[in-house]
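Two complexes follow with chain A in common, the first pairing it with chain B and the second with chain C.
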Partner chain A sequence: MSKVLAIALNTFKEAVRNKVLYFLLIFALLIMGFSGVISDLSIAAPEKLIKDLGLAAIDFFGFLIAVFVGVYLVYTELDKKTIYTIVSKPIDRYQFILGKFFGLLITIYVNMLIMSVFFFAVLYFRDATDFDKVMKAIYREVSPGHYEPIGNPQIQYYLYHFKQLALAIGKGVATIFGYWEPMTHHLMRVIWMSGLGLAIITSFAILYSTFSTPTLSAVFTFLTWIIGNLCEDILRYAEKLAQKAGGVANLAGPDLMKYWFAQIAMHIVPNLALFDKRTEAVYGPWDVSTPNIHSVPIDWVSVVYGLVYVAGILCLASMIFNRRNFK
Partner chain B sequence: MRRSILQNFILFVFFVAFFGTAVTIQHKNLEKVKLNPPFIETWMLSGRSGELLRVLSLRYDLVVADFLWLRAIQSFGGRGMTNRDWKPIYNMFDTITELDPYFEAAYTFGNMVIGDEGGRQREGLALLDKGMFKLIRQYRIPFEGMYVAHWQMGDTQLARWYGRIAMKRQDAPNWVPRIVAYIEVKAGAYYIGFDRFLSNFLQGLDANDIHIQAIALEKIKEAIDKWNKELMLRALDEYTSRTGRLPRRIEEIAQEPSLQNYEVARMSKFVAAVERRARAMNREYAIHPDLRKNIAWPSREELEAPLTSGSLAKAGVKWEDLRNEIFHECLVKQSGIPEAPNGSRYVLNLTMLGYPWAKKEDKIVTEADLLDLLKNILRDVRAAIEDRRKMLGRTPQSLREVFYTDFNTTEPFGGTWKYDPQTGDFRSTSHPDL
Partner chain C sequence: MKIIETVNLSKVYTHDFIDVEHGRLKFNFFRRTVALDKLNLEVREGEIFGLLGPNGAGKSTTIKILMGIIFPTGGSARIMERPLGDKSVKAKIGFLPENPAFYDYLKGEEFLDYYGQLYGMPRALRRKRIEEMFELVGLPPHAPNLPLKGYSKGMLQRIGLAQALINDPALVVLDEPQSGLDPLGRKEIRDIILRLKDQGKTVFFSSHILSDAELICDRVAIVNRGRLVAMGELSHLLSPKIKDYELVVSGLSRESLDILEKHARKFIERERDVLIILDKEDLVKEALRRIVAENATLVSLTPRKETLEEYFIREVARTNAPREEVHA
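And now, the complex of A and B:
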C-alpha cells in the first residue's frame, strides 16, 4: 500500500507541474464566473443557470484533465525510460498502475474541489448581491416608504460587495466540508458522483495508455466517454429495433446482429448516466412520492457499480501492463 | 516467470469478479431504464431538433437548454421590436423543453410568447400540455392552460379540464379551487361549482376568516343565480317557440317543461342548513351578521326545524366535515319559477327581452337588479335632457330633440316613459316615485 501511495503522490506532484492542468482550471473558473454574469440575462431561474453551468463545467473539465493528463502518465515513464528505475525496485507492475491511477485521481479531485469552491462562491455571491439585499444593506427605512442612505452609498456599495465576496469564498470552502444552505443542499453529492464517473474515465485513460500512444489513448478515452454517455440511448436503439420487428424473435439478418451488438455493448460500456445527478440537484428527485425538495439521495448501487467497474478496468490494465515489454 | 503467471491469473480472476459484478449491476440498471421511457423517443433523429440535440448534448442537455433559453429571450425581444412573428420561437421552446423537461419557466414563458403575444393559443397549449405531465407536482402550468382556454379561447370545457388538474396539484394555493369553481359554473357544471364554493365557505368558517366567507357567499349566490337563469332561459326559449311571441310576465313561462320537477340549489335552504347546524354546534351563527345583506333568508320555521337524525353536527366538529349533508340539504326538487338567491324575485327584463343581440343572461334578472337598471336609465336620460336644455337655453320639446331620434328603449318593468316638455321631467309609469 505504501508503494502505491508513494507512486500516487509522485504522480500527483508530477501532474500539478503540467501546464495544461492550469489552463484547464483557469478556463473552468472563467466559465463559472461567466455563469454568474449570464444568469442576469435570464428573466427566470438565474440560480438554475449558474448551477447547470457550474456543475457541467466541473464534470467536463474534470474529464478533460483525466484525458490530457492521464494519457501521458504511463507513456512519459516509458518514453523517458524512467520506468526502468521503478520496475527494478521491488514494486509490482499492478502497484505501478494503481499508483498512477490514484495519483491522477487525486489531481482530478483536487481540481474538482477548487472548482467547487469557486462554484459555490459564485452561487453565494450572486444570492447575496441580489438587488433587494444590496439596497437593504446601503439604505435604511426611516418611515414606511422613506429610506435614507447608511453613510456614503457608493462606499457602502463597494464595501458590501467586498464583504460578501469574502463571505462567499468562506462559505464556498465550508460547503465542501459539509456546510450547506438551501441553494447548495446536496450539491457536493452531485459533484462526488461526477467524481466517481470521472474515476471510470481515468481508469480507461490509464488502461489505454498501457498499450498505445498518447494521441490514440486520448482518442480512445474520448470515445469511451461519448459511448458511456450514450449507454442508455444504445438500449433504446436496441429496443427500437426489436419494437419495429414486432419482438426480438422476429429480428433477422443485420438487424439481429445490430440488436445483439447493442445488447452486449450497453452491458460492457460504462453507464456514465448513473453518475449524472445534475437534474436532481436542480429540480429535486424524480420520484413523485418524495416531497418537492432539492435533495439528491445517495444511489449506493451506482456507487458500487462505479467502484467495481474501476477495479475491473484497473485489473485489465495491470494484466496488459504485466505483459508489456519495455524494450 | 511463474510469479508473473500467477499474478496474471489472480488479476484475471479479479478482473472477472469486478467486471462481472459491474456488468450484472449494469444489467439491472438497464432493466430499470426500460421502465422509464424517454420524454420523446431519442432515436427518432429526424424531424424535431430537440430529439437530435438530446443525443448530441451528451448529458449536458441542461446547459444546452440554458443557452437556448437565453437565445429565446433575446429572440422574443428582437421579434417584438421587428416583425412580431413568433411562430419560429415555438420550435425553440419545444427544443428547450425537450432538453430540460423540468424547466417550468420555459413552458410558461413559451406559452406567453406563442399564445399571448403570438395569438397561437393551440401551440401555446401544446407546450403547456407537454410541461403539465412532466411537472406533476406544480399547479402553475395547468393553471395557465386554464387561463388560456377560458379567457383567450373561450373554451370553458377545456378550461375546466385544466382547472381540475391544477387544483389537485401539490403546491396549488387555496384560491385555485375558487377560480376553478368559477369556471365550472361558467361551463354549466352548477352542481360542481356550487359544491366547490360551499366547501370554500365552510373552510372560511373553520378558519374563522370572514373575508373568505364573504367571497364564497357571493360566489354561491352567483352559482345559484346562473343555475336558475339557465333553467328559466331554456323555458323562455320553449315559450317563444311554442307561442311565437315573447312573454310579458315571468309567470307565463312557469309552465314550460324546463321548469317542471327540476333540481336546483336554493339559497334559503343553504342558509337554513348552515344556521341550524351552527345551533347544534353551540355557535351563535354561521353567516356573519355583516354578510346577511341581499340574501334569500329562510322562514322562521325553516330555521328552527330540527336536524335530521343522521347529521354529524355537534360541538367540536369541523364545518368541512358537514359539507356532504349541507350540500344535499340545499338541493330541492321543484316546479315553477325558482327562488332568487339575493332575496329578491326573478322578473323579465323587458328592455333586453326583445333585442336579439342582448346577452342571454340579461333577459331574466332579479327585481332588485331590474330596479337598478330602471334607475340607471332614468339617471342617464335625465342627464341627457339637462345637457340638451343647457345647449338650447330652453327645455327640449320632445325626447327626439334630445336624442335626434325616437326614444325606443322599452321600460324594463313593462310600463311607459312619460316626458313633460313644460318642466323637462322624465319618469316611468311603473315606478313614478323614482
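And now, the complex of A and C:
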C-alpha cells in the first residue's frame, strides 16, 4: 500500500507541476465568477443560475483534468522510459496502475475542492451583496421612511463589500467541511457524487492510456463520457422505437441496429447520469422536513455501482498492463 | 551460486500490422524480428560480468527481459535461483537503464526518496542512504535540492546510478553505464564498479566500450545478432601468445631501415623516429643487433598481445560473414 501511495504522490506532484492544470483551474474560476455577474440578468432566480453554472463547471473541468492530465500519465512513463526503473523495482504492475489512478484522483479532487470553495464564495457573496442588504448595512432608518448614512457611504460601501468577500471565502471553506446555509445545503453532496462519476472517467482514461496513444485515449475517454451521460436517453429512445414498431421483434433495418446499439451501449458504458444530482439540487423537490431546502437523497445504489465500476475498470487496466512489453 | 542464468532465452518481436515510418504508411503483415536467439548465459556471484556486442546485438533485450520490462518468447531465465519477477529477488537488484530519463520535475533528493519508497525502505534508512549515495556517485553539494531538469548528462547518469544503488543491492545491472560520458566520467564509473565488487556485489553490465570492459571485467559474453558468440574469462578468451612487436627506434642507417621495412608489417617514418611492427622474434633480434652495432637509440620495444577489441571484431566478423553470403 505504501508503494501505491508513493506512486500516487509522485503522480500528484507531476500533475501539480503541469501548466495545463492551472489553465483549466483559472478558466473554471473565471466562469464561476462570471456566473455571479450574469446572474443579475436573470429575472426569476439568480441564485439558481449561479448554482447550475457553478456545479456544471466543477464537474466539467474535473472531467477535462481527467482527460488532459490523465491520458498522458501512463504514456509519458512509457515514452520517457521511466517505466524501466519502476517495473524493475519490487512492485507489481497493478500497484503502478493504482498509484497512477489515485494520484490523478487526488489531483482532480484537490482542484474540485478549490473550485467548490470559490463557487460557494460566489454564492454567499452574491447573496450578501444584494441591493437591499447593502443599503441596510450603510444606511440607518432614523424614522419611518427616512434614512441616514452611517459614516461616509462610499467608504462604507467598499468596506462592506470587502468584509463580505472575506466572510464569503471563509464560509466557502467551511461549507466543504459541512457548514451550510439553506442556499448551499446538500450542494456538497452533489459535488461528491460528481466526484464519484469522475473517478469512473479517470479509471477509463487510465485504461485507455495503457494501450493507446494520448490522442486516441482522449477521444475514447471523451466518447465514453458523452455516451455515459446520454445512455439513459439513448435507451429511452430505443424503447420508444420498439414501442412504436409494436415490439422488438417487429424492428427491422436501421431501427433494429439503433435498438441494439442502445442496448449494448447501456450495458458497456457506465451510466454517468446517475452521478449528476445537479437538477435535483437546483430545481428538485423541496425537502419535506426543512423548508427552502431541496432534497438530494444519498443514492447508495449509485455509490456502490460507481465503486464496483471503478474497481472493474482498474482490474481490466492492470490485466492489460501486466501483459505489456515496454519497448 | 549462479546469480543469473538464462537457458535458450529468446525474444521475437512481432511488428504492428500497420506502422507509420517517415510519414508513410508501412504494412508489416506478420513481420517478425528475432532480437534474441537461444541465449545461454551464466553470471556467478561476486564477479564483474560484461555483456558485449555491437548495436542491435540483443544486449538491451537481454537486460530488459531480466528486469521484467519485456517478456521472453522462449527459453527461461533465473536470477538468484528464482524465476524472473520474484519480488524478493527484485528487492536485491539495482538497475540503471541505458540513456536514462527521469522525472525532471523532482529534486535530486525527492527523486532518490521516491525510489527508496518503491523498495519499501523505511524513512530513516532512506535518509541515511540518500546522503551516502550523493557522496558515492560524486554529485556536487547543491545537487540534492536541484530539480533534475537542471542536471547535466553526466549528473543524470550519476543520479541514475545512485537510484540503482539506493537499496544496497546484491546484484547491480547496468545497461551501457558509460555511454555519453567523458573519459573522466567513464573512469569514475569504472572505479565505482570496482568498489561494488570489493563490497561483494555482483555487477552485470552491457557495454560497447571494450577498452573499459577489458580493464574491469572478470568474465565477458559477446553477443551478436541475438546469439552468444563467446563467453568466458578474459584470459581464456584472448590468445596468450604474443601477436607482434612494436619497435620505435631513432638514428638507424638508411640501409638498416630499408631491410627492416621489407620485413615489417607496418613501417612508419616519423620526424624523429621510426615505428616498426614486426611479426617474428628473429626479426626483432636482428633489429636490436643493428641498433647496437650502429649505436642507434631504442626508444621503445613492446610485445603486443591480442586485445579484447581485436578479439571482438574478429568474432563478430566471423558470425556476420556466413549470413551475409546467404543474402548475397
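The rule we apply is simple: the second predicted complex is superposed on the first by the 310 of 327 C-alpha atoms of A that agree within 3 Å, B and C clash if a C-alpha of one lies under 4 Å from a C-alpha of the other, contacts with A are read in each partner's own complex, and residues count from 1 in each chain.
Keep in mind that, in the parts below, a contact is a pair of C-beta atoms (placed from the backbone, for glycine too) under 8 Å apart; a residue touches a chain by one contact, two chains touch by 3 or more.
This one's a predicted model, so the numbers in the text were calculated from it and none came from an experiment.
When both complexes are superposed on chain A, chain B and chain C fit side by side without a clash. When the two structures are aligned on the shared chain, A:279 is found in touch with chain B, with no touch to chain C.
In the superposed three-chain arrangement, the CA centre of chain A forms the vertex of an angle with the CA centres of chain B and chain C, and that angle is 170 degrees when rounded to a multiple of 10. In the superposed model, A:135 lies in contact with neither chain B nor chain C. Shared-chain residue A:318: touches chain B; no touch with chain C. Of the two partner chains, neither chain B nor chain C is touched by A:166. By the touch criterion stated above, A:223 is placed in contact with neither chain B nor chain C. Contacts of A:43 after superposition on the shared chain: chain B is touched, whereas chain C is not. By the touch criterion stated above, A:6 is placed in contact with chain C alone, chain B being left untouched. After overlaying the two complexes on the shared chain, residue contacts for A:91 are found with chain C alone; chain B is out of touch. Chain A has more of its residues touched by B than by the other of chain B and chain C. When the two structures are aligned on the shared chain, A:155 is found in touch with neither chain B nor chain C. Closest contact between chain B and chain C, by C-alpha atoms in the overlaid model: 7 Å. The contact surfaces that chain B and chain C form on chain A in the two complexes overlap at residues 92, 323. Contacts from chain B toward chain A in the complex involve residues 4, 7-8, 11-12, 14-15, 18-23, 25-30, 33-34, 38, 41-43, 55, 58-60, 62-63, 65-66, 69-70, 73-74, 102-105, 109, 136-137, 170-171. Those residues of chain A that touch chain B in the shared complex are 38, 41-45, 48-49, 52-53, 56, 60, 92, 94, 225-226, 229-230, 232-233, 235-237, 239-240, 266-268, 271-274, 276, 278-279, 282-283, 288, 292, 301-302, 304-305, 308-309, 311-313, 315-316, 318-319, 322-323. Of all the residues in chain C, the ones that touch chain A in their complex are 13, 64, 67-71, 87-88, 90-91, 93, 95-97, 100-103, 105-106, 110, 114-115, 117-120, 160, 163.
Here chain A touches chain C in the complex through residues 2-3, 6-7, 10, 13-14, 17, 80-92, 323, 325-327, going by the rule given at the top.
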